[in-house]
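Lettered A, B, C and D in written order, each chain numbered from 1.
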Amino acid sequence: MAGNSIGQLFKVTTWGESHGEALGVVIDGCPSNIDLDVADLQLALNARKPGQGAHTTTRQETDTVEILSGVFAGKTTGTPLAAIVRNQDARSNDYDQLREVFRPGHGDYTYQHKYGRRDHRGGGRASGRETVARVIAGAVAHKVIARVAIEVLAYTKAIGNVALTSVNSPQRSDVLASVLFCPDPIKTKEMLALLTEVKAAQDSIGGIVEIVVRGCPIGLGEPVFDKLEADLAKALMSIGSVKGIEVGLGFASATLRGSQHNDAILPTGFASNNASGILAGISNGEEIILRIACKPLPSIGMEQRTINAHGEEIILKVGGRHDVCVIPRIVPVCEAMVSIVIADHLLRQEATAAWR
Amino acid sequence: MAGNSIGQLFKVTTWGESHGEALGVVIDGCPSNIDLDVADLQLALNARKPGQGAHTTTRQETDTVEILSGVFAGKTTGTPLAAIVRNQDARSNDYDQLREVFRPGHGDYTYQHKYGRRDHRGGGRASGRETVARVIAGAVAHKVIARVAIEVLAYTKAIGNVALTSVNSPQRSDVLASVLFCPDPIKTKEMLALLTEVKAAQDSIGGIVEIVVRGCPIGLGEPVFDKLEADLAKALMSIGSVKGIEVGLGFASATLRGSQHNDAILPTGFASNNASGILAGISNGEEIILRIACKPLPSIGMEQRTINAHGEEIILKVGGRHDVCVIPRIVPVCEAMVSIVIADHLLRQEATAAWR
Amino acid sequence: MAGNSIGQLFKVTTWGESHGEALGVVIDGCPSNIDLDVADLQLALNARKPGQGAHTTTRQETDTVEILSGVFAGKTTGTPLAAIVRNQDARSNDYDQLREVFRPGHGDYTYQHKYGRRDHRGGGRASGRETVARVIAGAVAHKVIARVAIEVLAYTKAIGNVALTSVNSPQRSDVLASVLFCPDPIKTKEMLALLTEVKAAQDSIGGIVEIVVRGCPIGLGEPVFDKLEADLAKALMSIGSVKGIEVGLGFASATLRGSQHNDAILPTGFASNNASGILAGISNGEEIILRIACKPLPSIGMEQRTINAHGEEIILKVGGRHDVCVIPRIVPVCEAMVSIVIADHLLRQEATAAWR
Amino acid sequence: MAGNSIGQLFKVTTWGESHGEALGVVIDGCPSNIDLDVADLQLALNARKPGQGAHTTTRQETDTVEILSGVFAGKTTGTPLAAIVRNQDARSNDYDQLREVFRPGHGDYTYQHKYGRRDHRGGGRASGRETVARVIAGAVAHKVIARVAIEVLAYTKAIGNVALTSVNSPQRSDVLASVLFCPDPIKTKEMLALLTEVKAAQDSIGGIVEIVVRGCPIGLGEPVFDKLEADLAKALMSIGSVKGIEVGLGFASATLRGSQHNDAILPTGFASNNASGILAGISNGEEIILRIACKPLPSIGMEQRTINAHGEEIILKVGGRHDVCVIPRIVPVCEAMVSIVIADHLLRQEATAAWR
């Protein structure tokens, strides 16, 4: 049973390979009567485009999105929303030498064994290109949750050891002002310097992204398995490169005492927010804060030892055009995935609202 | 849309409240012809029973499991397996003072707002009691994955600042030798001392659990959303108290370079296991290592500020009989949840195996 | 992937074998705050109990239902509702001779081959006993749809060639006045006479049930696959013995012309109801009328040729205590299944109502 | 919760409106390593194209299918298979007069009320055009079930009162020899004559399609809700125009006795096939025979009374280019839907096969 859908009521199905004809998404369950223009989706897609500079691939992905169904006269119709992006500038030949090679840290080895075959070009389905579809869906989800004024904001928390230290969650304008989606301009510079150094070394590096959800109403989340943080964790962990998830204090909470961690409740509201907006799997109306850890990207220019499909030893130097760090490009993807989960849970919550 | 089921092919549905009549589980999709005795389930349940000593509740949960369907003449029949545990020694009166009080750090506040009402006794559905059903399901899952010799082992990695330092994953016998499921006897003593201190302070404390999956065949995991680590993250994050998840190096990978993190592939196999047994969402045959961070339990004896259902300020001292730390009792629950996910993905993988 | 759940938002999972310990149901997704007493469920169960007389089994099924979770202080809590019925008066020995015999027309043969083993006692999971769980779920569904005043009424349309001729759908009181749930007292007598004759011949006979849904709001049904009539057809076809389904005019519509079948729409409403309350898979506010055809029950006293598990020829005379016709006992089951589907679609419709 | 997906393991999601940009399908769960060429899909699509002659629309649907993902180097990859058909020759202006009119017998009224808006052009999502996506998916399903030599064959059983009388299920060559997919050449002529007459009367007419499944292995079907006949009934009832479903003897079984209906089992196999290949929801290895009743198409040239969105009375004469009968064009759609269900259940059965 394949797993290319996420969401129960706001159900997102993605398809497409890195160097196939196109990538796309079908959203089944998007409410009707939402103002939606193709420009809304294009704007979101543009945010995940490779930028200019040391930190990013030189692949030119124009990524023009087309809506094929589900929108009529500027509004959603309640029928499945289908959107596609044709692949362009896909230099498949770059990948010819990789036809039978298993690149370290990539899905080549596991895809080959799981499916008995694979589209080797640019990672095929396992490519970061796949997130094009996620970002489109996220843009639609954003429209859904806007009805109740929920905002999802993702930003760069750290690249390597260069980390944001501010404790307060930032504003969107500060995030967008940085080419790395890092709200601190000083840290942005340090991060860019680090990326330049890493690139020169033909290496890659990891990082941390933080996502904040503001304005989430009380009541989202469906215990005991589809708790809000559980579905958020799954959605974020499904993004390539992610190796860790924290909600609120995360691993730091393991060393705390209950008297430190519990949030007192006052007649005026919660006195603190260590719970990070979720209690027992259900949103409590406070800000939700999530963090993900990203491993360094596996495509590096340095020589690596590996094998081919015949089990023969290979010394590999990965060509192609690759990002040095999954940040900043993963940032809009995180925002998209969290928006999708929140939209889904908003609809799930609505289903029985009339009885409450 | 409620969320009390997990798994797609090995589908587990749990029900029951802490002080209701019973707790139970239905497993739909368990293969037929598996040897299964009620004693198998009872053994697993016993492992999550409160023990003796400073670290644990004095509630006596005898937790006798009964199989009501799906097993005939000692073997599973392929029909739904239903099992229940009647609640006993449930001193509901202990909770009378809490009828209208929202305990800090608990689900009282969010359950009340989400559902418009709640069973206030002992946390109702949000209680740790609910994990009784998970552990039963895990014991059945264990039988399923045993066919291909997969082993899942969970153990205590840290309580507060007392942390296991060994890098190798331990043996089951070492884990079972410790009342805290910590494979290191020295650390177990230190942890017990810490728990005694915390209990004396009428406080609680957090900790870290590590789970290792051995013998997992290549190919489990269903990209791009139901990646193996994504479903594992969801399953673990759905356990109460869990605030963080790491796969392999987790947050430590964020500061590494690709040349450090990538696992070279040799004709003899992977040279290292930084990927922690999963590449691009699919198991690669190596050991899978996961860690979860648990917040301190919210039930503490100290005075806390909160409000009641009428918004009035309350000074609360939680009575009842509570654990000082969710460890060790969460350890068998982690083992259960991971087993359930692995069993589910094993069946998912089987569905199309004949075509490969 | 097993199939013991039905419904997406009002999700019903049933379990249990005819002569196992118990039968039960878990409903996940029942809205909170619905008045529900165990007596509501018991009343529904009583309607499917074997009656007295020629037409029915002499097995005494007291069928006492117990609610184990999901209801607190007389109202649903929004958590999973679990209910069970212990099996009693289960003379398993009656079935000893059948341990290895495949009864014609029963699931013995297919269950054995599908699962490699089976609980042979009384049909196990394939027994009509399983509908106990459906009826309980239907009684809860009835409470859900009552919020918008939807009524579901099932009644006997025909037994063998004795058929109801009235074109108007009847009232509940007329249905309940008949031991066969047939609203026409004259036809009831004829049907009873037919059943007596069939029983004397040690045979069984088929029949037809009609189900009407009144007060259904406009908008239920989710094209293009989960159309209202599609989900109704599945739910009804999942009941043992059902071999045909009609919506509205059903097979009679195949010989009509569009000018005869189309329902004109007037400012005052639909001029006729050939569509039977559903247009393009979505309810239109009119009465929905369904019919199911039931085959004759396969358990008959006459000698039959069959084989055993070793492929050896057997002359079988089925003992045990059996109904002569699946009617009237299937009637409350039909009502239950339709109620479940309507409740599910009502919740599905609610999920996006706020955006419309 | 929308309903544009069908199948659990062979999951088919369709999208697209009659006069939108395109129609398409995503299949998630198609096994890898299946030979698949775009020509396979095109061939299936061609069978549902409007033909020439009295009985069919003059709309020229070239319907060129394009595979966008999931196939690489002539074989399926196990990743989602996406295919689209661009809409052409869509004279949307034909529908301008219908922008606010609710056509009798169509989904205009219910779509408008359910979603608050609709794409009025050509029925939008409710159009028969939507079956383009079903037929593509059916062609892929056909490839899946071919591994175990299952064949699905649909054919015309009746148009109006002109009905096939042969009791044996026909061969594919006989079916394909008829422009109406009716295996009897004499009846084909009579049916064509009837269609000509109906067309002259500016009317439409209903009919019956029969579908036979040959070579189905024992064991497909997942009781108690996802019984094979239940999922088949749902799949067929989800096709526009279908108002009735029969399995095997269907409504005729309601007047039979058990001694007539039961199929004796001999050491050499079943002595008859009244069960129509399914016992207790599970295939028994015999031929499965299904029949569906189709209502007359609602688009007729005669004047009809209806209302517009403002509730004002309208006298409507439907223009556009319409079929006189949903037969023969529904025949390949029936074949597709049954193939999809069988493929899905084949995979579901495989998932636990290793344990049996």
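Everything below uses one rule, namely that a contact is a pair of C-beta atoms (placed from the backbone, for glycine too) under 8 Å apart; a residue touches a chain by one contact, two chains touch by 3 or more.
What you see is a predicted model; the values in this text were computed from it and never measured.
> In terms of C-beta pairs in contact, which of A-D and A-C ranks higher?
A-D
> Let me check something: if the centre of a chain is the mean of its CA atoms, which chain is farthest from subunit C?
A
> Distance-wise, how many Å sit between the C-alpha centres of subunit C and subunit D, to the nearest whole number?
Averaging C-alpha atoms per chain gives centres 26 Å apart.
> Distance from the CA centroid of subunit A to that of subunit D, rounded to the nearest Å?
38
> If you average the CA atoms of subunit A and of subunit C, how many Å lie between those two points?
Measuring from centre to centre gives 46 Å for this pair.
> Going through subunit B residue by residue, note those that touch at least 2 other chains and give them in order.
1-5, 8-9, 14, 29, 32-33, 78-79, 114-116, 125, 223, 347-348, 351, 356
> Where on subunit A is subunit C touching in the complex?
Counting only subunit A, the residues touching subunit C are 1, 8-9, 29, 31-34, 78-79, 144, 147, 223, 347-348, 350-356.
> Can you name the residues of subunit A that touch subunit B in the complex?
For this pair, the touching residues of subunit A are 1-6, 8-9, 14, 102, 104-107, 109-111, 113-116, 125-126, 130, 158, 160-161, 198, 201, 203-208, 218-219, 221-227, 229-238, 240, 243-267, 271, 274-276, 278-284, 293-300, 302, 304-307, 311-313, 348-349, 351, 356.
> In the complex formed with subunit C, which residues of subunit B make contact?
1-5, 8-9, 11, 13-17, 20-24, 26, 28-30, 32-33, 66-70, 72-73, 75, 77-82, 84, 114-119, 124-125, 347, 351
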